[in-house]
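Heads up, the next two complexes both have chain A, just with different partners, chain B and then chain C.
Moving on, here comes the complex of A and B:
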């Protein structure tokens, strides 16, 4: 089985936000929720970088570790998913997540928050694959159709890579060797306790 | 902004670090262009406990935080520190109380009940006490459930029933925060004048409150132990309520770091208060004969009052005698003598 990961090559990301839009459209993500976002650091200064960030599907995921109702599970592809029928909207996963991935439909609503929503690596949820019920709760399940996450598939500069960790690390490594520079794999140390060795 | 400056300063110091990391910085860096290594930035941020943040074009400023390593500290607090402190405090207190009860048993009223009673807590004080008490019990149980429920109740109830219970627990926790807070404020106003420390408390504490035998030290309306209980409830409850409201309204007053800190204060103080309240419940029910009357009917036996709160009881009895003398013929029910 593959170990699914995201890798954002920030030397290629042009902050076009197509990944954000693709994600919102593919899963019909409601207003106020962004499963994926593009953060620009050092904006307008030397060393400006844009990084597309979503749930990194961590090894030893902090969200799963702190969830009071244990609603998280990890698929055979190491994708971290959760069961919205069990989620109580307590917000603990949001406190623990290093990437700000968990989102809530009713943030200001008196702490009730509603069911947590986050990137599913386009792998849906615990419902039957590619059913209406699964789509309404979690969005489409491209993984079950044999496809990779749409954000990365749509990326115009191929900055955002999604897929088996070994393969995307190899792609990134080859790029860095060819062009002679690379600022590294954002979030990898935090999410996977490892970096891409060049 | 400050963070951004911090990171900018950090970046200026980074090139040599990045170069020593064996990164593929083979291309000569143009003057003024700092090579940024994701690993180094993350590592440095983690070491400083800082966040990596920037700018986003979506209208949600919180989303500009790229990586916040403090999440790891909060996780360690929640899963390890809180679980141990809470477990030891609550189970430890239960153990101490059981042991005390087995060894010492109920403290009986010296000389038995006299049959005549004296008013200790009027209706308003009892009503407020029970508003705080009932909301505290539900808040405590639903709060403990968030930390210990998945280890204790989840295997017993199964995921669906446990999630439903926790969901209702969360709603109860959110809404009962309001009567609890109101009750704490009213409690402060009603009882603060009787809870200011005096020299009598010092003597009471030196005698150990008569807890382990010996003569029962004199006390005013509230003894030193009750005064401590009062201040733990009012101050501890106040901080727990304030931090709770910060969590109840996400991002209204704090950022994510503030919410993590609020949760830490909230939960640690809460488990310690639960332990203290267990002792309070024991003393008010099984521990001391006659104490329950004070908060149920409000009328306590005169012998109980003289035994546990002699200074207060004597003053009350003297006052009632004076009133009876001032209004001859008027016989008050429950008035002593």
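Moving on, here comes the complex of A and C:
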């Protein structure tokens, strides 16, 4: 069974933010929420690195472990999704997530939060596939259409890889062998520890 | 005197327009709230059952194969 993963090749990322824009446009993500963002370290200095970051769909997702209403579930493809009809917007998942993936729409003038929103790996949610209700709540379901997340498909420098973990790891390995160096698959050790038992 | 009356009428007209604009904005806001990410009327919701929601949906289609192939290009 394929295991879906993201991999950002930070040696290729040029911080163009096309992944961020593609995601917002594809899913009509509300104002104030970014399911994906580009983080740059040492900006403007030698050793500058940019990493495109979103929910990594962890093997043993800490968000799911702390959710008081158990709104998270992991699909057979290892995609971590959540049910917005169960979410109470408590914010525990935000504190638990090592990648800062969960986002909350602002619904009032006094800082009150709405239901959590995060990257779905373009796999929708618990509503019927590719229905209007699913699109409104979770965005488009490209996985059910036989496609991959748009952020990765749009990446002009092919820095952001998404798909079957085995295949994208092979692609990255080939790149590292060819160029003779690699800064590592950022976040993989945190998200996909192989020693973890679930 | 008449200038003063005109001024009052003008001011009240402006305030009326402001009130109408505010009411319009509230109505538009309510309409926008209908399309907010987490607001789906219960009647429209058709939830998947436990088996359906965790079922594997990934398929290695030609589209996906093309993505993997192009990512293998050297440049």
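We adopt the following convention: the second predicted complex is superposed on the first by the 187 of 198 C-alpha atoms of A that agree within 3 Å, B and C clash if a C-alpha of one lies under 4 Å from a C-alpha of the other, contacts with A are read in each partner's own complex, and residues count from 1 in each chain.
As a working rule, a contact is a pair of C-beta atoms (placed from the backbone, for glycine too) under 8 Å apart; a residue touches a chain by one contact, two chains touch by 3 or more.
Here the structure is a predicted model, which is why all the values come from computation and not from measurement.
**Student:** Does the superposition put A:180 against chain B (first), chain C (second), both, or neither?
**Tutor:** first
**Student:** Check the residue A:65 against both partner chains and state whether it touches chain B (first), chain C (second), both, or neither.
**Tutor:** first
**Student:** According to the stated criteria, A:14 is in contact with first (chain B), second (chain C), both, or neither; which is it?
**Tutor:** Touch status of A:14: no partner.
**Student:** Quick one: classify A:115 as touching chain B (first), chain C (second), both or neither.
**Tutor:** second
**Student:** Touch test for A:85: chain B only (first), chain C only (second), both, or neither?
**Tutor:** So A:85 meets both chain B and chain C here.
**Student:** Counting touched residues of chain A, say whether chain B or chain C comes out ahead.
**Tutor:** Touched residues of chain A are more numerous for B.
**Student:** Please report the chain A residues shared by its interface with chain B and its interface with chain C.
**Tutor:** 85, 87.
**Student:** Of all residues in chain C, which touch chain A in the complex?
**Tutor:** Against chain A, chain C makes touches at 35-40, 44-48, 53-61, 63-64, 67-68, 70-74.
**Student:** Please name which positions on chain B make contact with chain A in the complex.
**Tutor:** Residues 7-8, 11, 22-27, 32-40, 42-43, 46, 52-58, 60, 62-69, 71-72, 74-75, 78-79, 145-147, 149-150, 154, 159-160, 162-163, 166-167, 170-171, 174, 247-252, 256, 259-260, 263 of chain B touch chain A in their complex.
**Student:** If we count contacts the way the header does, which residues on chain A are in touch with chain C in the complex?
**Tutor:** Contact set of chain A toward chain C: 1-2, 4, 29-30, 33, 73-77, 81, 84-85, 87, 105, 114-115, 117, 123, 126-129, 131-133, 136-137, 141, 143-144, 146-148, 152-153, 158, 161, 163-164, 167-168, 171, 174, 178.
**Student:** Which stretch or stretches of chain A touch chain B in the complex?
**Tutor:** Going by the criterion above, the answer is residues 10, 15, 17, 20, 32, 34, 37-43, 45-47, 49, 51, 53, 62, 65-71, 83, 85-92, 94-100, 104, 107-108, 110-113, 176-177, 179-190, 195, 198.
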